[in-house]
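In the two assemblies presented below, subunit A is common to both, partnered first by subunit B and then by subunit C.
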Partner chain A sequence: MEVESSFGPIDIAISGLRAQGKQLKVISSNIANARTSDAGNGEPYRRLQAEFKTDSDLGGVKLDKIVTDMSEFLRILDPGNPMADESGYVAMPNVSLPVEMINLNIATKMYQANVAVLRRYQQMIETTLELLR
Partner chain B sequence: MIDVNTNITGPLNSMRPGAGTDSLGIPKIGISDGKKSGFANTIKAAKNYISEVDDLQQSSDVSIQDLLSGKNEDITSVVSAVAKADMSFKLLVGVRNKLIEAYKQTMNMQL
Partner chain C sequence: MSKAENIVDLIDAGIRAETLRQKAIANNIANLETPGYRRIDVKFGELLAKCLGSDEEFDLSEVEAQIFRPKQTPVKSNGNDVNFEAEVGQMIKNSLRHKAYIRLLSKKYKQIELAMDVK
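Then we have the complex of A and B:
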């Protein structure tokens, strides 16, 4: 048996930390681009969403893929804008700030939960090692 | 999948002097190869564990240095390396204290 065998919970909690870090990255990209009317391909920025999957050999979590949200763009009336169409509407990204804020809260809490697991496991190990004293 | 059987004495298994374990993971005492486990054997096995602990310490040192020199920007890997090194070092210190205590008690025995 290797030393690694008692480190399972640590690796799993760390994988959770990494996953929530990626989630945070996606959310910050969405918020930063909430008003990007040109994402470089001629259409507004499309909202990104992180999908996670179970890491089969570790039991932790890992980023599966980042998918784009294909829902309708927001259309706002701004006739003075050079990018407005003939009826005066400008297409804006399909990012909804309230949704992103809620996702941000969830990601933060998930991160904290993983840190709590890590800390609690370390405390458990220390409690066991007290038996040696 | 998850190794559900995460016993914290996992690292200690390297210290068991060739006696093997029963189904519950409890070490059998000096049966399988006919040799009794002696204090010297335990000390020898402890050497292996020390080198394993040292490896973990080195890797945590390297990851801290990589973080500080900007080579690696992943804080979580540093945290994981440091946590592992810390845990195994605490176990090593506990076992060492116990061994030295046993040695002293034996030496103080009235003959």
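Then we have the complex of A and C:
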């Protein structure tokens, strides 16, 4: 049995904070591995992408799964590299730094927006509590 | 004693529970990176609801808040399941409840004072 339900907006905003926090983790992994030519499986690092979902109405958001981006690897010309193929090209991760930086900005703004909701709701409750003075 | 009379006792029990929960949250945040640590929480609302719902007489001072480990949140790779954002949310809720109880208590005291002032 749910004893209290009047703090819904707080739980929803917190779910947003947690989701955006994980999104930030995914972005930082992509940026850190932007030039990782060996991800351990003989392939360069593949870009990761977070997918969000919501369970029910007013249920907040949660990170559903982290999927790998299957788009083409970037090929750069580096004939001196021991991993280069016969034409001198090396496969590099399919991470595009500008895209990651934009996603980083969006995730940061989303985090801030959720904090703003949290703070505003807290102020609303405190306004109500002023009636009890 | 009838259940409606002991408002001050009820609020007192609530404030004690919120104080304990604040300690639990502080403990969780302090152990944010402790390997193998599982977060603790305080059970009080359910216990009180059970007592208030039953027909039997009960003593409020016996309704003690309990510390327990929910073990429901996802565990990180180091065996720790504390999430900072979730703890902050708990803390905000906790302080709002605490504030509400304190305001109710001071309101009650004002009522008593008012009653004493009547000549």
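In the analysis below, the second predicted complex is superposed on the first by the 128 of 133 C-alpha atoms of A that agree within 3 Å, B and C clash if a C-alpha of one lies under 4 Å from a C-alpha of the other, contacts with A are read in each partner's own complex, and residues count from 1 in each chain.
Keep in mind that, in the parts below, a contact is a pair of C-beta atoms (placed from the backbone, for glycine too) under 8 Å apart; a residue touches a chain by one contact, two chains touch by 3 or more.
On a predicted model such as this, the values are computed, not experimentally measured, just so you know.
When both complexes are superposed on subunit A, subunit B and subunit C clash. Put simply, more of the residues of subunit A are touched by B, taking subunit B and subunit C as the two choices.
Applying the stated contact rule after C-alpha superposition, one finds that A:21 touches each of subunit B and subunit C. In the superposition on chain A, contact is made by A:133 with both subunit B and subunit C. In the superposition on chain A, A:41 makes contact with neither subunit B nor subunit C. In the superposed model, A:87 makes contact with neither subunit B nor subunit C. Where the contact sets of subunit A with subunit B and with subunit C meet, they give residues 1, 3, 7, 10-11, 14, 17-18, 21, 118, 122, 125-126, 129, 132-133.
Remark: subunit A residues 1, 3-4, 7, 10-11, 13-14, 17-18, 21, 118, 122, 125-126, 129, 132-133 touch subunit C in the complex. Only residues 45-46, 49, 83, 85-86, 88-89, 92-93, 96, 99-100, 103-104, 106-107 of subunit C touch subunit A when the two sit together in their complex.
Contact residues on subunit A toward subunit B in their complex (touch as defined above): 1-3, 5-12, 14, 17-18, 21, 56-59, 118, 122, 124-126, 128-129, 132-133. If you check the complex, the residues on subunit B that touch subunit A are 1-3, 5-11, 13-14, 52, 56, 74, 76-77, 79-80, 83-84, 86-88, 90-91, 94-95, 97-98.
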